[in-house]
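Going by the order they are written in, the chains are A, B, C and D; count residues from 1 in each one.
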Amino acid sequence: MSKKIPIGIVGASGYTGAELARIIHGHPDARTVFATAESQAGRSLRDLYPTAPDLRLRPTADAPLGEAEVVFLCLPHGAAAATAARALEAGCRVVDLSADFRLRDRATYETWYDTTHPAPALLSDAVYGLTELAREALPAARLVANPGCYPTSVILALAPLLRSDAKIVGPLISDSKSGVSGAGRTPSPTTHFVQVADNLSPYKVGRVHRHLPEMEQELTRLRADAPPLVFTPHLLPVARGMLSTIYATLDGGVDLDALRAHYQAAYAAEPFVQLLPAGTPATLAHAVHTNRCALSLFAAGDTLVITSAIDNLVKGAAGQAVQNMNVMLGLDETAGLSR
Amino acid sequence: MSKKIPIGIVGASGYTGAELARIIHGHPDARTVFATAESQAGRSLRDLYPTAPDLRLRPTADAPLGEAEVVFLCLPHGAAAATAARALEAGCRVVDLSADFRLRDRATYETWYDTTHPAPALLSDAVYGLTELAREALPAARLVANPGCYPTSVILALAPLLRSDAKIVGPLISDSKSGVSGAGRTPSPTTHFVQVADNLSPYKVGRVHRHLPEMEQELTRLRADAPPLVFTPHLLPVARGMLSTIYATLDGGVDLDALRAHYQAAYAAEPFVQLLPAGTPATLAHAVHTNRCALSLFAAGDTLVITSAIDNLVKGAAGQAVQNMNVMLGLDETAGLSR
Amino acid sequence: MSKKIPIGIVGASGYTGAELARIIHGHPDARTVFATAESQAGRSLRDLYPTAPDLRLRPTADAPLGEAEVVFLCLPHGAAAATAARALEAGCRVVDLSADFRLRDRATYETWYDTTHPAPALLSDAVYGLTELAREALPAARLVANPGCYPTSVILALAPLLRSDAKIVGPLISDSKSGVSGAGRTPSPTTHFVQVADNLSPYKVGRVHRHLPEMEQELTRLRADAPPLVFTPHLLPVARGMLSTIYATLDGGVDLDALRAHYQAAYAAEPFVQLLPAGTPATLAHAVHTNRCALSLFAAGDTLVITSAIDNLVKGAAGQAVQNMNVMLGLDETAGLSR
Amino acid sequence: MSKKIPIGIVGASGYTGAELARIIHGHPDARTVFATAESQAGRSLRDLYPTAPDLRLRPTADAPLGEAEVVFLCLPHGAAAATAARALEAGCRVVDLSADFRLRDRATYETWYDTTHPAPALLSDAVYGLTELAREALPAARLVANPGCYPTSVILALAPLLRSDAKIVGPLISDSKSGVSGAGRTPSPTTHFVQVADNLSPYKVGRVHRHLPEMEQELTRLRADAPPLVFTPHLLPVARGMLSTIYATLDGGVDLDALRAHYQAAYAAEPFVQLLPAGTPATLAHAVHTNRCALSLFAAGDTLVITSAIDNLVKGAAGQAVQNMNVMLGLDETAGLSR
């Protein structure tokens, strides 16, 4: 037990924090040494989630940062950065699941999040932790910006295409659908059962969702002249899971066999990216309760259609955070994660 | 009572037939004089659907076609056409909810439905009954091909655009999501609760769904050089409702105000097409249990994003069939229908 | 139009008020002259519920009570009574959907609702409006206390038994399950989609739910020495519907045929109580979106098992309120209501 | 790897078999050496369940029984017994998840299952494997009859009561609710999504469900003069989970503190029975995806109300089967199981 890597979870009472606590609880090489919350401080995590580990929640201000080797931040944007700074000073390595360090450009952050960046000096240290694309930078990283859920599902689906020589005509389009846990645990009219059940709701249609600049930033890293992204999120009547159906129209049409071979090669060594057999679309059931990203490719005339499924709380948040930790520390990348 | 128009429903035991029976039951000017089924013949419709009208189901072969003024066919494709011919001979007017008369071109039908057309001589008589676009032809029509559910949601969303002078670049894309009742009442692995719940499944991705040629036929009638349609249907974990999220990239960008005004004008007099206020996306909740098609327009860069919601069993099937009947007979178009 | 009975709805923004507005909108003999809300005042009801009628919500304080002949109160307990008094003074007849006048005994109310009764002088005027049991008192009633949803499902199921000569041994037991709309529209952790979906939660187990004294009061009116009621409510992962599975152990065993005949006779003339065929259990699907109470009787050894299904928002609230109004005003009891 | 205990799964394509395959896949001390199916033979289990292990399904007739130390039978009743006999002859130890060996009395089996018992000679060898009550017999058992899901939830809830000196008046009553996976994977009208969603259906009300004699058999072993059981199963709109709400009226009333202490003592050493804190009802969320049985006790007048939650596929089937195997083989009882 004492040889396990000591972990701190800041903001454990939300869905992401609780999922992280569950994963660490089953991790062979890590253990949680503290877990924090604000309004729920003093209670056990199990009081909030009946099958979560029995961890007592302390106030974040009392977190013994020095006891942890890796600290995970499951805080709202804005609040995370200050704690990140404190944890780094205490010698911890930090995986931040908020948006605070995802956007490299301070001005972009300040525009989209409508606030002054709380720790701009750290921006240059942060590694954008889409594990499959960041594997080289992670071992030396002290601060990892864990990607958003939508960006994870979209970027993994598009990376091989953007790295290929395919000529894309017009915008990239992602029609994405998310389970309700992505909206967080705070009750609101939007997450009321009666509002969500039997319904499907597009929201933040147009260029308004905060994951858009994050996705365009990363797509541009993959291909400097990547087309703009049209992104439409929808709220699904399910608790967890995310499916992005992605459209890219190609000049010269879709050579589906060649593209499948290219994707197969790109992801052959990846434990958590699963290219499905030809003709099998990725569905939520391919990904939920695993750290997988399941991908399928189809041709519809000159348009490549990619379906990409993840669990928004696992590969889209807590699972990828642990995957990042595993790579940072030189552990087996799959330790504690299901696939 | 005797002055109500006598209606026959052939194939009343499926979801569409039962919905039609409910609507006719509440219709001020029509009444069901017979309802048929095959394996369920002899039972009451209420044995199958506890809140349906108490109609005794007869074998289709025994249907007293001569007693009905209008006959609705809720049969599988292939089976409908022969009954349509018999009903026309008996002097009935026919609204066929199957696919048998939707495709004007016999060869297209035979390719996509993989069968010989059962009544090609009637093809030229059939009016494609998307009510809002067929209003002039309906009063004289003897045979109406009631549109598919996906085509209804997509064509209503795109008609004003295609009739405008907007230049569309690249394909039209419809990412469509349907409730499970669209898959019919026959049990299958695909419709098993455990398979559907907590899931979202794309299916028939690529140019393979039988509603595709129907949609392209109608889009081409609206604009001769309409772009091809990329169409991806998905199965939602809801019993009823359909949402199509549609993408059209425009040369010169999206003048959203002008397009909204154009749509507003196009549908101002339509009782069942509702253009939502700017910024409000159409959701299933806007349409379910009504005969509405709710539409919203958004701009995402140069791409127009349209969300279009209907109830697949109402505006997507039985409700539109009754709307067609109302127009055919010169009744109030909204009689018996909710909006 | 002007001959329709003018109706006021106080508290129209909640689920019950909105359902009432929908029913009145479709009622042949009534029309809504005002609808009120507090935080939502100024908006249209359709902004809150996309398929509700387009009624502008005024502040309750501004309600022109004098314009309405019947006022429905869809307010929390405590708040309803004062408005009831004002409406009665203005000459209206009042149907109160809160709990304020359901308990005849002031002390019982004050104990269970932990507050001073806001209008005790009116208690003696109130008629407990379980329509089937109150039909004689309703035409003269000025103030009707509309029953709770659980009491409606339980009392209708037990009334014929308690009026029979069957000897009941031990307590009556109702294991009741309700859809989430019964918990109201205010967001809370309890009604969050992620908490409710895929779950089933008993709550207020033991003698603690406020509907218990209401049920025991009415059961005792039906049989002075009625046994105590054991009542366990559960929250179901559905938006609407309520099922009570009720157990009564009988001295001498269950003569099921005789009991069915007795129930059949008791409810033969009732338009909204449906005794199902022998062997068919009542399910939510028998009642949802109707004003029905569907009942089935079974024997399990010496225990009579009754399943009783209603829609909590219709027969359990707004529908029964309209049914009461219809009887109060001498209209067709079924006007505006589905069955 | 080679030191892991070799396991055979007969009938792996159903929900129970697939769940078992998942559990064995994650078990530290066991591995699947063969998995069989009939109509799905030749495919991988992963083709049927996207997150199941990639096991090739062979025809049951080809199962190399001699390679397995323990064989799990996930077959329909009737079919299981013959395979059990073959496996025992091959030297395997057998855990049968069907009903074939649950009822000790051959005549009772033949009456309730309406068939001749296929292997009556084995009945006396079978141990009824409700692990918590069978722990002593399991290490020597060659044939274990794994309990039904409803019996597991009910018997664990009642065992301490029946072993106490409490005097029970009248029948025991279990109002039980099950997720749809309990109905099996074969599509039927009963399990169609449209039939189940938004619904709650009692079924087999009265003394007709085949789990009833199984429960009464075991309750009578716990107390020779145990009262009869009134049992009402309901189908819930969830994929998995089971909740039994159980009523026992006690002569002399309910001493809740004493009963809680008694239950606490009875289950203190049990890793998979969780007595919840006073006032917290067991819900599906306490048990789903774990091998737990969560219990709560309440008093309602003289009636003890017990809520008992399990996952029907885990503690109600595959999980308990593995728990039995662990005890049979002297492994850590919790190996491979979550709690």
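We adopt the following convention: contacts are C-beta pairs under 8 Å (C-beta built on N, C-alpha and C of every residue); 3 or more make two chains touch, one makes a residue touch a chain.
Values in this document were obtained by computation on a predicted structure and should not be read as measured data.
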Same or different residue numbers at the chain C/chain D copy interface, by half rule: same
Result of counting contacting C-beta pairs for B-C and B-D, higher pair: B-D
Distance between the centres, which are taken as Cα means, of chain D and chain B, whole angstrom: 46
Averaged-CA centre spacing for the pair chain D and chain C, given as whole angstrom: 39
Computed distance of Cα centres, chain C from chain B, in Å: 37
Sites on chain A at which at least two other chains make contact: 195, 197-198, 237-240, 283, 285, 288
Contacting residues of chain C [partner chain A, same complex]: 15, 180-181, 185, 187-189, 191-198, 237-240
Touching residues (chain side chain B, partner chain C) in the complex: 50-51, 197-198, 283, 285-286, 288-290, 292, 294, 338
Residues of chain A touching chain B in the complex: 169-171, 173, 175, 177, 195, 198-203, 205-207, 228, 230-232, 234, 236-241, 243, 245, 247, 249, 281-285, 288, 296, 298-303, 305, 307
